[in-house]
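Can you keep this structure in mind? I'll have questions shortly.
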Amino acid sequence: MIIVLKQSAGENGLNRVVEHIEKEGLSTHISQGTEVTIVGVVGDKSRLDIDRLKASPFVERVIAVTESYKLANHKFHPEPTSFKVKNTSIGPDNLTVMAGPCAVESLEQMLTIARAVKKSGATILRGGAYKPRTSPYSFQGLEEDGLKYLKAASDETGLATICEVTSAHAIESAVKYVDMLQVGARNMQNFELLKEIGKSSLPVLLKRGMSATIDEWLNAAEYIMSEGNTNIALCERGIRTFETSTRNTLDLSAVLVLKEKTHLPVIVDPSHATGVRNYVTPLSKAAVACGADGLMIEVHNDPEHALSDGPQSLTFDQFDEAMEALAPYAKLSGRG
Amino acid sequence: MIIVLKQSAGENGLNRVVEHIEKEGLSTHISQGTEVTIVGVVGDKSRLDIDRLKASPFVERVIAVTESYKLANHKFHPEPTSFKVKNTSIGPDNLTVMAGPCAVESLEQMLTIARAVKKSGATILRGGAYKPRTSPYSFQGLEEDGLKYLKAASDETGLATICEVTSAHAIESAVKYVDMLQVGARNMQNFELLKEIGKSSLPVLLKRGMSATIDEWLNAAEYIMSEGNTNIALCERGIRTFETSTRNTLDLSAVLVLKEKTHLPVIVDPSHATGVRNYVTPLSKAAVACGADGLMIEVHNDPEHALSDGPQSLTFDQFDEAMEALAPYAKLSGRG
Amino acid sequence: MIIVLKQSAGENGLNRVVEHIEKEGLSTHISQGTEVTIVGVVGDKSRLDIDRLKASPFVERVIAVTESYKLANHKFHPEPTSFKVKNTSIGPDNLTVMAGPCAVESLEQMLTIARAVKKSGATILRGGAYKPRTSPYSFQGLEEDGLKYLKAASDETGLATICEVTSAHAIESAVKYVDMLQVGARNMQNFELLKEIGKSSLPVLLKRGMSATIDEWLNAAEYIMSEGNTNIALCERGIRTFETSTRNTLDLSAVLVLKEKTHLPVIVDPSHATGVRNYVTPLSKAAVACGADGLMIEVHNDPEHALSDGPQSLTFDQFDEAMEALAPYAKLSGRG
Amino acid sequence: MIIVLKQSAGENGLNRVVEHIEKEGLSTHISQGTEVTIVGVVGDKSRLDIDRLKASPFVERVIAVTESYKLANHKFHPEPTSFKVKNTSIGPDNLTVMAGPCAVESLEQMLTIARAVKKSGATILRGGAYKPRTSPYSFQGLEEDGLKYLKAASDETGLATICEVTSAHAIESAVKYVDMLQVGARNMQNFELLKEIGKSSLPVLLKRGMSATIDEWLNAAEYIMSEGNTNIALCERGIRTFETSTRNTLDLSAVLVLKEKTHLPVIVDPSHATGVRNYVTPLSKAAVACGADGLMIEVHNDPEHALSDGPQSLTFDQFDEAMEALAPYAKLSGRG
């Protein structure tokens, strides 16, 4: 941690700041420049409250040099993480494809979709049973019934399943039926939910918040991990920017930043990021080309009549073509 | 609702779209331009699924003309809303000032602060007992103990109190001790929490999400209102932009947009928006000058030693000066 | 300047970096923490190339502690700047109001508007003769004829005049007719234009780029100042964000940040920032309340038939009411 | 064009608006809904001033349905554009790689780099002679000398060359020495510069402005094209967002949006977008995978001692490896 003092701090201010730090058992290095004085802090900074320092009348800026997340940090965990989800695994050795509808609509629908996406090569079946929708008057999901349909589809096809959870109550139900839990973008900083999920033993897909920095995202993962659950995959799904041609702006550089900062696997969701069917396959290729460990793709038996997010869903044929087109990219990135 | 057809839709596409709409009991107006064909929809659009329409191979764009929120909508509720919070009220006739520390730290602290802010003219005492913090290793709040200290401070001073809630469990506790509930920015689209709060009878302060559009914000209010609780004030607290000189960018135009779109009162929080103590008073004046119904200001007995968000807290003297400086602005805006 | 070394840098990396710095005649302070090693640089950093340091295989981060702008910097020029524009002045002692149409349309129009805005209390007449428009097919301005009409209106009324310039050629013409030059948002980093303007002797209004940080903005001012022209006012006109309810998001906190960082006067333009007529007066009050030195307001004799930006223009009556409403705010901020 | 009337407009407002449109020789379709009245405009809308309509007291919103750019529009030019640059071409049939240093530093340097990048497979040599830098005190380029060194490198190696131009004066010099002109991000809406470039006969690389929408970008291309120069390639180089882990956020979805909206070729610059050397190769693969027509990559003989933008430059070895790694991706996208 680096503390830049105000020009007005003077000898007295410097002494006060140093005293404050040493009282916490840490040591300091002072660097007196021609224009500014800088105090470097040496030792376990978790004992210092950064906000308290910033509030000092002598302090101009406090710059954190080390990250606040530890369990998710690549520095302390150099090997990439890999974990099982039912019969499949997420990690550096294969390309995970999660496919399925935005919302679970019926048993029939889930069986049909599960068979189709399995045939094309997906390994995890997705489907929302608890839908966070902007308006209270939009379709909110089938809840426990939806979970049952997912389970039935899994029982028949052998596919692993994933479902978003939005409350402690939903977690309780979901753990009975599905193989992986999803935290949606809107709940990325719903810390109560993260803690609850941290207590479950199912692997987790943590979507990036719409305007979350990568640092905040990794701290959100840390919330889950600090409760004991370390099987987490991070899912880039587009960030909010000024550009409105696509629903969000897919941030593929984030894949590379994450690969440097964390050992957790990274999934990319081009369907939600863009909201446009025609962009899903090319951006899936791009995601694999730059190192993603997997994809989340919306597939629907009848997109035109989907209850939620139809415009971005692939038909069965489109998904099949997409999987075929992706195969050489997976091979090129060593995930063949 | 306006539907712009693709050039390739042709006569057949037009018929299919019209058929789809009329099947829902709605009627259409067709406008055939030289370059595009447009279908206007007449009737109760809540019956149409906008996503389903967007998924049609014949549709290029769907433009919503009317808002999806109804209870929060100014059009259907022309009078500005005003409601009581203990002995005070929030609405067009007065300037509400909510003041207090970011986090409740001790009984002693709350009593000291409550006396000071009351003396300077605040009417609602704020203090966080459940703190959503970016890192799991930061101070998370005193929880129920914090609520008790708020209540004790209220009992002695007569001030109304407000506290952020972050879970169904926190609501349950909070309703026993405080007079108003706050939804924080990170939970603005935690729809499960909004529904729970909608079932309580306490007034609510709904903070704007860090990257929420005004439309999404009003839909979040609608979630609470649709459960029966209509005493909601909206709190602008800065949005996330590219500019890093201030923690967030305070969006004062939002006050004016809200005054047009909704009847709900609007509060401005310059402390969290900027994170800088010296900007709080001038931006408070600005907020009142452009029509805000109230302010939320962080005040601390000892900002340098605060457990949370010290750099933006005013001391007692600074708050007293701020209140004095604000008085003529309140008078000018008819809130004297 | 602070240099954070990579963990892998080791003793060798540290030596190489220190050597590099000392070769430039600067000295270093080394702070070896438990996790990172930090090198503080002491002396005249303008000799160091920050990009070159960043490119070193041993360096993780380089943090600039001092600003790159000098002439615009408050630290080296503690008194607020004030300068004359024809008969009026811009600075801490009065409230400058620049008013007029977005685009100059005719001599008749300019005379009519000039008389009206003068009567209501404006001191500078604005009007665009060179209009940077998104589409090449939109009205681009009357060019030199427009400048002549501005001059005629100034001659009759005594008002000072300001006009945007978009090329060296436009500067050449403008200096013959108007009293102040404006750099528009789109040209804030057109450094060739800034240098040309720096060579003229007319005062300058430098608008903030749509997505310019305050730091970049002050560096743009530095471009003009480093050529010898130091009479610059900065104009906040809204930044680009995700919010679309207003054309841009007016960043009033920027007024406060600028007041700390620079001695140059600050003008606020609520007309362009919001694009909505009804928001202009309340945001003007807000701007004055938080310390702006002046306002730029669009006024038109017939907004419904304006050739450019009509929706945000005030009518004469609206402008007159606005000026009356602003008077007590000007007085409160010591600009009465 | 669609005009949504205000609820308060009434019969009278409707008549006034319709009258206004018909006076311009256009016809209307009126759609009276239960909540709003909508006027569709049929005919050549370029005759209508959208701002004038928005200023009407009867109008709530004006929605443009067709694009304002014509020459750049895919609808009116269904074939993808391809053009020659010296001995090479940019278009759908090959993968163009522009490589070289951020800034031209010396003749020796340019010859060395040109030989190296040619050997690895680049077809166009880049190098900045006019550098737009944030601070006036940073290195600004060698100007005409830089152009000469580019030409010498081209003469020896046969590579085509590209150089950014920042003024009419720079264009004049550049056309004598290089094969392609570049408009930088900061000048994307420097319309005077665009018009000047439109009068030259050299092909143009138009970089996206830091916060330019795709629509504004295509309108900028239209400025150049409307002057007669239609050989334009668009270069995505990252947009400004809230995320600070990378210098900008590379928007690869833009490649797909552009491929739908325009016939012009699309180049991606991962070096400037991220500012991080290690991200350049993976994002280059991603760009090719999603359909880019080419790449712009910074290569330097000695990145640690580069005068500008060193941290993102590849060494010769790194560039050679990158080109080898890219080959199978080029083949997969039919550009082998």
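In order of appearance the chains are A, B, C and D, and numbering begins at 1 in each one.
Definition applied: a contact is a pair of C-beta atoms (placed from the backbone, for glycine too) under 8 Å apart; a residue touches a chain by one contact, two chains touch by 3 or more.
Remember, predicted model here, so these are calculated numbers, not experimental data.
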* To do: Report which interface contains more C-beta contacts, comparing A-C against B-C.
  => B-C
* **Chain whose Cα centroid lies at the greatest distance from that of chain A** => C
* Measuring from the mean C-alpha position of chain B to the mean C-alpha position of chain C, what distance in angstrom results? -> 31
* Go ahead and note the Å separation of the Cα centroids belonging to chain A and chain C. => 39
* Structure fact -> By the touch definition above, chain B meets two or more other chains at residues 211, 240-242, 244
* **Of all residues in chain A, those that touch chain D in their complex** => 211, 213-215, 239, 241-246, 249-257, 260, 273-274, 276, 278-279, 282-283, 285-291, 328-329, 332
* **Complex contact set, residues of chain B against chain A** => 46, 49, 51-52, 54-57, 68-69, 132-137, 139, 166-170, 186-187, 189-193, 210-211, 216, 219, 222-223, 226, 240, 303-311, 313
* chain B to chain D touching residues, read off their complex -> 2, 4, 7, 29-36, 38, 40-44, 61, 63, 65-66, 75, 211, 240-242, 244
